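Down below are the structures I want you to see.
Common to both upcoming complexes is chain A, partnered first by chain B, then by chain C.
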Partner chain A sequence: MDYYILAQVINGVIFGLIYALIALGLTVVFSIMRVVNFSHGEFYMLGGYALYALTAGAVTLFSIPLILPTIVGLPLAMVAVAIFGILVERGLLRPVYTARMDRPEEYAIILTFGLSLFLQYGALVTVGPYEMTPGSFWEGSKHIIGDLYLAGDRLFAAGTSVFLIGATLFFIYGTWTGRALMATAQNRVGSTIVGINTVRMNITAMALAGLLAGAAGALLAPVFLVYPDVGQIPVIKGFVIIVLGGMGSILGAVIAAVILGLVESLGSVYFSVAYRDVFAFLVLIGVLLFRPHGLLGQKARRV
Partner chain B sequence: MTRFEKTTCVLALAGGLAIPLLLYDQPYLIRVAASVLYFIILASSWNLLLGYAGQLSFAHAAFAGIGAYTSGLLSAGFLGDNFCTSLVENGLGVVSDLLCGENYSRDFSYGVHPGISIFVGGAVAAGIGWCLGRMCLRTRGPYLALMTLGFSETVRLILQIEHEYTRGSLGLRIPYLWTTDDGLPNHAVGYLIMLALTVITIVVLYYLVNSEKGLFFKAIREDEDVAAVMGVDLVKWKVNAFVISSGFAGLAGAIYAHLFVQVLAPQMLLLLEMGLILAMTIVGGLGTLTGPIIGAILLVVLWEFMRDISPYAHMLLFATLVIIVMKFFRAGIFGLIARRLKAKNLISKAPPFTVE
Partner chain C sequence: MIEIRHKKLLSQFALVAALSLSVNATQAGETIKIGGMAPLSSPGSYQQGPELVLGLEWAVADFNAAGGVLGKQIELIVYDTQGRPPTGATVVEKLITQDKVVAAAGEYHSSVCKAEIEVFHQHGIPFVIGSCWSDSLTKAGYDEVFRTSVYSSKLAENMVAVMAANGIKKAASLVEDTDYGIGIAKNIESAIKKLNADIDFQYEVVEKTSKDFVPILLKYKTQVKPEVLIVAVTQPGGFLILKQAHEIRFAPSRETLYLDGTCTAQNDKVFWEAVKDAGKYVLMSCPYSPSVKLTDLGEKIKERYVSQFDRQPNYLPLQGYDAMLSLLTAINNAGSTDSKAIIKALKALKVTGTRGDIEFSQEDGVWHHQWKAVPTFIFQYTEVGQSAGDAAVLFPKQFATAGIVRP
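== the complex of A and B ==
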């Protein structure tokens, strides 16, 4: 057995699962609010910084340095980013679907792009361009099979992702709130008529996106460290995934994420390592050209 | 045009021409003034796409980069010794003299003369703009933004990865377009060339948006489907908007690179550059010709004042401005002024976005 290829496949699946966390938030926000959140990568970055602030002891609260165990820091970081997401929805994105405005899509894209620059450069100005290392979740490398070893942090990230993806799918398909979310995504006016508070659904969607992006940022922080533009490449992978899976399709996003992870890791084995990040863009452009509704998306009907 | 508008144009042009005379002994400030002109061209041509044709593209900095790199690679001898010597061997010495000019610069003896390559750069950018425009015909709204973002990042990554040709992040050294006898660039002349290109851009855009074609663009912006029903050739005018704006961006990128940027790096294609162009257009006023000019001047001046504080503080301020302008007055600074001027009948048209 060629352990090198096996390692690449496993790595691809692990990355795919993390990408799925990022893409799930994007796709939920898109399906509910029809907004592509260009600042989603900075939500991811904030997750990493939140974990660092809570666990590394660099931040003091009432002159006590915060050194929480990382396993406690993770949910706190997720909640922090979720609260930030709710604030963004309340402060910036609400006019998109309440007020009458010219071309709301353009407004949302420019606004979230501006917010992304704001957060990135805000981080650069306040904490500087340095790479920061939060504590590890599961130290050392783990023996899998034969000659195959994997970093404990990556395994922990993959396991937690599976748990979170499962929880999200259960939340959306198995609870009343989740069904209300799907109803809002299908027909906003109709769901208002049957008594769904659509504004609350927007808040739920942004909070869910914040939770998942914060989790992805915090889970990968010990692996890739934290710095201001850490979210730029992952968020573009997220865009590729939601387009590939079909904009707004939740199951499609999970499948597309694993496909993209595998394409990247196997592509870098068989073609070129340097072009690793380019594959995603080629997939994006190819899908938009030949199958704009993605794998599981529904063909848009316009009136 | 009203008399007020004509006077303002003449005064602005006179001001632009006076800058190299006033700042003759301060080359740094002339460089800053030239960068204002560069951003005016980029923001104005991007404004044609978003402000007039309603196509939100994130690939504009990439087109400037494509123009600059095409021209830079040609003039820095990318064609290589083989190409030029084979021309001479095949009895095409005249073509070789033209394309592979000798001794005009220190060590770029086998490159195309920058005076020719800048136009090739602009043409290549326009050609790739045509392709991207064709590819984006079916995509709109967020899909178009994602597609152009993907395109822009792909170009940047390829330029960075193919370092055997482009020298990647090390930077590609390219010859000057215009040097004095001692081989150093003359910033005042460079500034005037940039000014000429800026004036050409603005004049072309003025006649374009005030003609029937401008109406086609605006119709597409307001509602594509209705425009198509009314007989606007969507394919033609959407692609044209891409070709014109990316051609100007490529030309501006190439000329600016040969005049002021001696070393090209893929960083000029970063989304940060796109953020600058976007901030200038939005803050100045989307959908007007004056807006991007005001925005570019204001933001570059602010940038210069903020250099002392922190190397990143300017972008933080610009992002804040973009958010504030989008949230509270989408017509931008010029939109605020224009309403007052229109009330006094000083200008002929009010900006398209209502100020609420």
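== the complex of A and C ==
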């Protein structure tokens, strides 16, 4: 393997890790709440705008412009989007599982789709159409290998993604709350019977999704800029990833994201960059032909 | 009194007005209705659409302030085409059949224009293209379609002329997957043959919505090694390509120049905030350079823009103004709102616009109903944060202030 191919592989893996962060929040919400959150891309967008508002001096607090260091702005942006997620759960999504409605899943789809449009157009009207860039997390470009240099911000985003993915996996599989989340995902009625507060689990899932989407949006804002429809393409990739990984499988989503990053990177140069987005769907179709439940998905029976 | 009705306009210039989709609706009985189209929301280029609409609006406002056209006020009806060809065709159908417009001007995306001109042609309604650059639009040879904006083959010839004059032998390009982008690449190929330039040229089509261009840029950097990278991708894709080309230390560099064929630096502040030091040494192909004097009308529009927005205008308000100015002047000259009379008047039109004396060629091919003398420029930023007005003009020769500077 020469440096050129290795450079493409490294770039693909790095981009895959970034994809994973975007897809994780989607997976968590789907697996716990059975809600396909079409507004997840706008959660991502809000993360970017939140970081910009906190660090670029564009917003004033008591007549003092907010110019926080980006490293401080990152957790604050994550928390801001998590709070927004909780508000969405409390105000909009709770009827999906508490109210007696005939078609709760359809309600959730229409609602999150509408929320997506509302947030996108809301950003266009209130913030404006132009691209914004918060400050850097890691200035300049860094030498990786051979002819490959990458932006410090991109490396920081990938590294932080690894940390956040690890922390999420630990939270899900290694803590009582995480196990309660999984139990709720598997059997909501059974979880209630054994004393798990499923409403609280839904709030936790939306907060976690908000944290992850906010992190992705904020981390990638210096790399890919922030603008009203910045979340549209990433969320489509996110949907491909969660189906490819197996609906509801968190580890499957991470693996699928890295595969997607690699396929897009190598496909762009060995086939055609014009079909970059097609590769994702080709891989998806190929995997689903042989594994209809995705890479790590399992046959499940709803109770 | 300004008689402008917006049906769907999300403009950064009128945020409050934008929320109400039918503000300022005129109730006057006697108006001449003119249609306007532009991308004002996603997935269209909603950064550019409002700037174009501003030019349309200002021309209408100026005519109305001067007493209107044929003794009537002009009512401008603007629709958002979202950068989608089917939406463009639908809104044009609506403008013609429901709103009963007598003519229209505007639009930004070539692919949308392509769908729209079919509807205008079918109904025989005159249309002056605001800022769609694809050659195919005038090449279609429709009697109803006129263009005051630049066109791809002219831009391509300018770029090839600059490359040839600077001894460039190898060029590579990334173009967006639209009629405009692919058209630019094919026009560069044609221009190389036409000008007999000794340039090895290749291009790749990229999805303009992509975010990661590093794989293809890395391929160009290590395998192709061009002397110039020409990019014809609208923002934000255009910004991302420049950022990423700089981050991987490919271009702009001593070995590889960077030529932005789309003029993404339409707003200095946004451009520099997005690309930061990657913008230094970038060559920019634009239909307007603030360092070159406009006509008296153009200077007035420029002053109005600066006083309203506290920054230099880009080419879009000027192109929008010129398109509407041509249309309204033609209606005045025709003395009628009859479509055929307006078309005849447009063919015979001679009017001084914001950027020069406008008249439409009667030749066939790309020059059919095209303002042939439409100005275009290539300039180069030599400092980070430099305004377009301070950038060195490289082309055309009569305005050139410097040669190419390499890092």
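Heads up, the rule we're going with is that the second predicted complex is superposed on the first by the 283 of 303 C-alpha atoms of A that agree within 3 Å, B and C clash if a C-alpha of one lies under 4 Å from a C-alpha of the other, contacts with A are read in each partner's own complex, and residues count from 1 in each chain.
Simple rule for what comes next: contacts are C-beta pairs under 8 Å (C-beta built on N, C-alpha and C of every residue); 3 or more make two chains touch, one makes a residue touch a chain.
Predicted model, so just to flag it, every value in this text is computed and none were measured.
K.L.:
Putting chain B and chain C onto chain A via the overlay, clash or fit?
P.N.:
clash
K.L.:
Quick one: is A:V125 in contact with chain B, with chain C, with both, or with neither? Answer first, second, both or neither.
P.N.:
Both partners, chain B and chain C.
K.L.:
So, does A:V36 touch the first partner chain B, the second partner chain C, both, or neither?
P.N.:
First partner only.
K.L.:
Does chain B (first) or chain C (second) touch A:F239, or do both, or does neither?
P.N.:
first
K.L.:
Please work out whether A:P292 is in contact with chain B alone, chain C alone, both, or neither, and reply first, second, both or neither.
P.N.:
The answer is first: A:P292 touches chain B but not chain C.
K.L.:
Touch test for A:N11: chain B only (first), chain C only (second), both, or neither?
P.N.:
Touch status of A:N11: second partner only.
K.L.:
Would you check which partner chain A:R103 touches, where first means chain B only, second means chain C only, and both and neither mean what they say?
P.N.:
first
K.L.:
Applying the touch criterion given at the start, work out whether A:F224 contacts chain B, chain C, both or neither, answering first, second, both or neither.
P.N.:
So A:F224 only meets chain C here.
K.L.:
Considering only the touch criterion stated at the top, classify A:L148 as touching first (chain B), second (chain C), both, or neither.
P.N.:
Second partner only, chain C.
K.L.:
Report for A:S268: first if it touches chain B alone, second if chain C alone, otherwise both or neither.
P.N.:
second
K.L.:
Going by the clash criterion at the top, which of the stretches 95-103, 203-211 or 347-355 from chain C hits chain B after superposition?
P.N.:
95-103
K.L.:
Where on chain A do chain B and chain C both make contact?
P.N.:
Common interface on chain A, chain B vs chain C: 120-121, 124-125, 232, 274, 277.
K.L.:
Show which residues of chain A lie in contact with chain B when the two form their complex.
P.N.:
It is residues 30, 35-36, 38, 92, 95, 102-103, 105-107, 109-111, 113-115, 117-118, 120-122, 124-125, 232, 236, 239-240, 243, 247, 274-275, 277-278, 280-282, 284-285, 288-289, 292, 302 of chain A that touch chain B.
K.L.:
Please give the residue numbers of chain C that touch chain A in the complex, ascending.
P.N.:
It is residues 10, 12, 15, 18-19, 41-43, 46-47, 50, 174, 177, 204-207, 209-216, 218-219, 221-223, 235-236, 239-240, 243-244, 246-249, 267, 270, 273-274, 276 of chain C that touch chain A.
K.L.:
Could you list, by residue number, the parts of chain A that touch chain C in their complex?
P.N.:
Going by the criterion above, the answer is residues 4, 7-8, 11-12, 15, 120-121, 124-126, 128-133, 141, 146-151, 154, 224-225, 227-230, 232-234, 264-266, 268-269, 272-274, 276-277.
K.L.:
How about chain B: which of its residues touch chain A in the complex?
P.N.:
Touch list, chain B to chain A: 50, 54, 56, 58, 135, 138-139, 141-143, 145-147, 149-151, 153-154, 157-158, 161, 225, 271-272, 275, 278-279, 282, 310, 312-313, 315-316, 318-320, 322-323, 326-327, 330, 353-354.
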